[in-house]
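Here chain A shows up in two complexes: once beside chain B, once beside chain C.
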Partner chain A sequence: MKADLKPDLASYLLAMADDEMILAHRNSEWTGHAPILEEDIAFTNLAVDEMGHAGLWYRLHADLADEDPETYPDRLVFFREAPFFRNIQMVELLRGDWAFSMLRQYLFDVAESVWLPDLASSSYQPLAETASKIAREEMYHLRHTQAWIRRLGRGTPESHRRLSQALDEIWPYALQLFVPQPAEEELAAEGLVPLKSAARETWLAKVEADFKASDLALPDGGEPPTTDRRAHSEHLVGLLTEMQSVARAYPGVSW
Partner chain B sequence: MQEVTGLPTIPQIWEALEGVKDPEIPVVSVVELKVARQVEVDGSHIRVTITPTFAGCPALSAMRDEIRSTLLGLGFETAEVSLKLDPPWTTDDLSQETLARLRQFGLSPPPKHGGNVRLVLDQPAACPYCGSDDTQVKNDFGSTACRSIHVCNNCHQPFEAFKPL
Partner chain C sequence: MTDTQWPRFYVFKQDSPDFPHLNCGSVHASDGEMALLNARDVFVRRPDCVSLWVAPASRVAEVTVEGLAALESPATSGQEQDYEVFTKSASKGQHARVGKVVANSPADALRKASEAFNSDSWVWMVVPSAVIVASPEDEGPAWFEAAHDRPFRHQSFYRTERLIREIKAGQHDPPGDD
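Let's look at the complex of A and B:
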């Protein structure tokens, strides 16, 4: 890898890690509150999985930033302020109702199913290995959330109404997933990462197919609320306050 | 590489690692689970390379800590447990003996998939209690990310399966 691309790849990986971490934390709020016990367990496990994936991306980021991969991830997660997080706004939105959280996780899972196989052939070997490891597990996530989208879409008028409403709210936010990141073209030219713009078309086709099977219409167009990952909604601050409270109250504590 | 007298041999180290169990499945060790992959000794320093089963598995850090303290207990001055993802961990690597032990523990063992998990996903898990294949999936995620929940139509017993990966 060209040395001058190292910081750009590090930023790219930090964005992926932050997306997974914030989504995982939001979804963990369902623990003890999901509509049925089995789903409480499933959704919690899904959140733990995403957190594990975030951990792997943070390690790669640490390597590229010449930081210790064992300790740096915790510092990033627990001691950064909101403006320094690089997640898209979709993952920080309040958990909403069950349809909202499930649809958000589903749209994210489809996106991962699109770019993980490409990342698995990255010219940066550690990235390729991590993506290939994560892709194997993501298959289970998508299978689960796909089934729920069908269930809610074709369930009752109430579940359909809630899912449609969630779709209207989330859709523009989901499009931020495909906003190119800084230096993405240079990174792609070196075979390090795939282009997000190409992923968007594949993502749309996959989502459309699942929506058809769920009696949902694909929304027309739409624009993401922002194209800058440094910009956040007010919800991130509240999330971080809770997520970071123990680590900040007792720095260095282990449990 | 140099040997220091009084320290265990490589086979003895592997034997000691057999004592470190998966906290979620206490009948199998990190060796049988193929989580522990490599042992390297350099003087009084030891390094064990491990690989995660599921990346988010909370048991991994517990296993890691226990491996480290086991190694230190063997007399090494410094012990390092490093993580390696490649090749990715797969249930296909588990031995017949390990699979049988999972079954005795009450977990339906994962079917072999030869690298394509999708091929076996819709195959019914065998009931670990009565052996029947007449079972249904209740949930793709059980009490941990690596398990799914099923129910047996024959003996009506709910059970968990170790997911193929």
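Let's look at the complex of A and C:
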């Protein structure tokens, strides 16, 4: 890898890690509150998986940033302020109802199913290996969330109404997934990462097929609320306050 | 009052190709596909597994040695179909799959099962093969492999419990605390 691309790839990985971490934390709020015990376990597993993936991306980020991969991830997660997080706004939105959380996770899973196989052939070997490991788990996530979207879409008038409402709210936010990141073209030219703009078309086609099977219409167009990953909604601060509270109350202790 | 509880499904798990499917418990789900997904999360998060089956509890029939005589007489007509047979030979332990019978009713299947697989079993369970939803054979990795390379850590691996006790005992005062 060209040395001058190292910081750009590091930023790219930090963005992926933050997306997974914040989504995982939001989803973990369902633990103990999901509609049925089995789903409580399943959705919690899913959140734990995403948290694990975030950990893997943070470690790769640490390597490229010449930081200690053992300790740096905790510093990033527990001691960074909101403006320094690089997640998209979709993942920080409040968990909403079951349809909202499930649809958000589904849209994220489809996106991952699109770019993980490409990342698995990255010219940066550590990235390729991590992506191929994560891709296996993600296949299962997608199957789970897909099954739920179909059932909510074709379940009862209420489940359909809630899912449609969630879609209206989430859709523009989901489109931020495909906003190119800084130096993405240079990274792609070196075979390090795929282009998000190309992923968007594949994502749309997959989502449209599932929506058809769920009696949902694909929203027309739409624009993400921001194209800047440094910009956040007011919800991130509240999430971080809770997520970071214990680590900050007792800094230096080992859990 | 409406019953909001989803139907129950039996779960059968096969740990390796050399072992039979074992009944490991049950899950609630809206339908077979969801039951299979739930079963994977509830029963195969960590351990080895090569194949997972679920079947609606309402379609599972069971009889003990003592109950055999009281089985209703076999129907004279009725569509013949395959039934998977599971037996148990100890009061503890799980029902293990032993084979198949062709029968025209659950009672008929139980009787045939008790005749064909009678070595030391004291309970027989039959499930119509057609109602079983199985994990797709060509998707093994997606279903089970991920569980293999995930480390399993016992609670004692983490210092959390001891740390909480220390915090409560005032050994780690937070910054700013007087």
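Please note the rule applied: the second predicted complex is superposed on the first by the 255 of 255 C-alpha atoms of A that agree within 3 Å, B and C clash if a C-alpha of one lies under 4 Å from a C-alpha of the other, contacts with A are read in each partner's own complex, and residues count from 1 in each chain.
Throughout what follows, a residue touches a chain if its C-beta (ideal position, glycine included) is under 8 Å from a C-beta of that chain, and two chains touch if they have at least 3 such contacts.
Just so we're clear, the structure is a prediction, and the values are computed from it rather than from any experiment.
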Simultaneous placement of chain C and chain B on chain A, clash or fit: clash
Partner chain(s) touched by A:Arg151 [first = chain B, second = chain C, both, neither]: second
Which of chain B and chain C A:Met51 touches, first, second, both or neither: first
Touching partner for A:Glu137 - first (chain B), second (chain C), both, neither: both
Which of chain B and chain C A:Glu129 touches, first, second, both or neither: first
Which superposed partner A:Pro251 touches (first chain B, second chain C, both, neither): second
Chain B versus chain C as contact partner of A:Glu38, first or second or both or neither: both
Chain B clash site on chain C (candidates 21-29, 111-119 or 165-173): 21-29
Chain C-contacting residues of chain A that also contact chain B: 38-39, 41-42, 45, 52, 133, 136-137, 139-140, 143-144
Contact footprint of chain B on chain A as seen in their complex: 38-39, 41-43, 45-46, 48-53, 55-56, 59, 129-130, 132-134, 136-137, 139-140, 143-144
Residues on chain C engaged by chain A in the complex (per definition of touch): 6, 27-30, 33-34, 37-38, 40-42, 45, 139, 141-143, 145-146, 149-150, 158-160, 163, 167, 172, 174-175
Interfacial residue positions of chain B with respect to chain A in the complex: 52, 54-58, 83, 85-86, 88-90, 117-118, 121, 138-145, 149, 163, 165
Sites on chain A touched by chain C in the complex: 36-39, 41-42, 45, 52, 133, 136-137, 139-140, 143-144, 147, 151, 249-251, 253-255
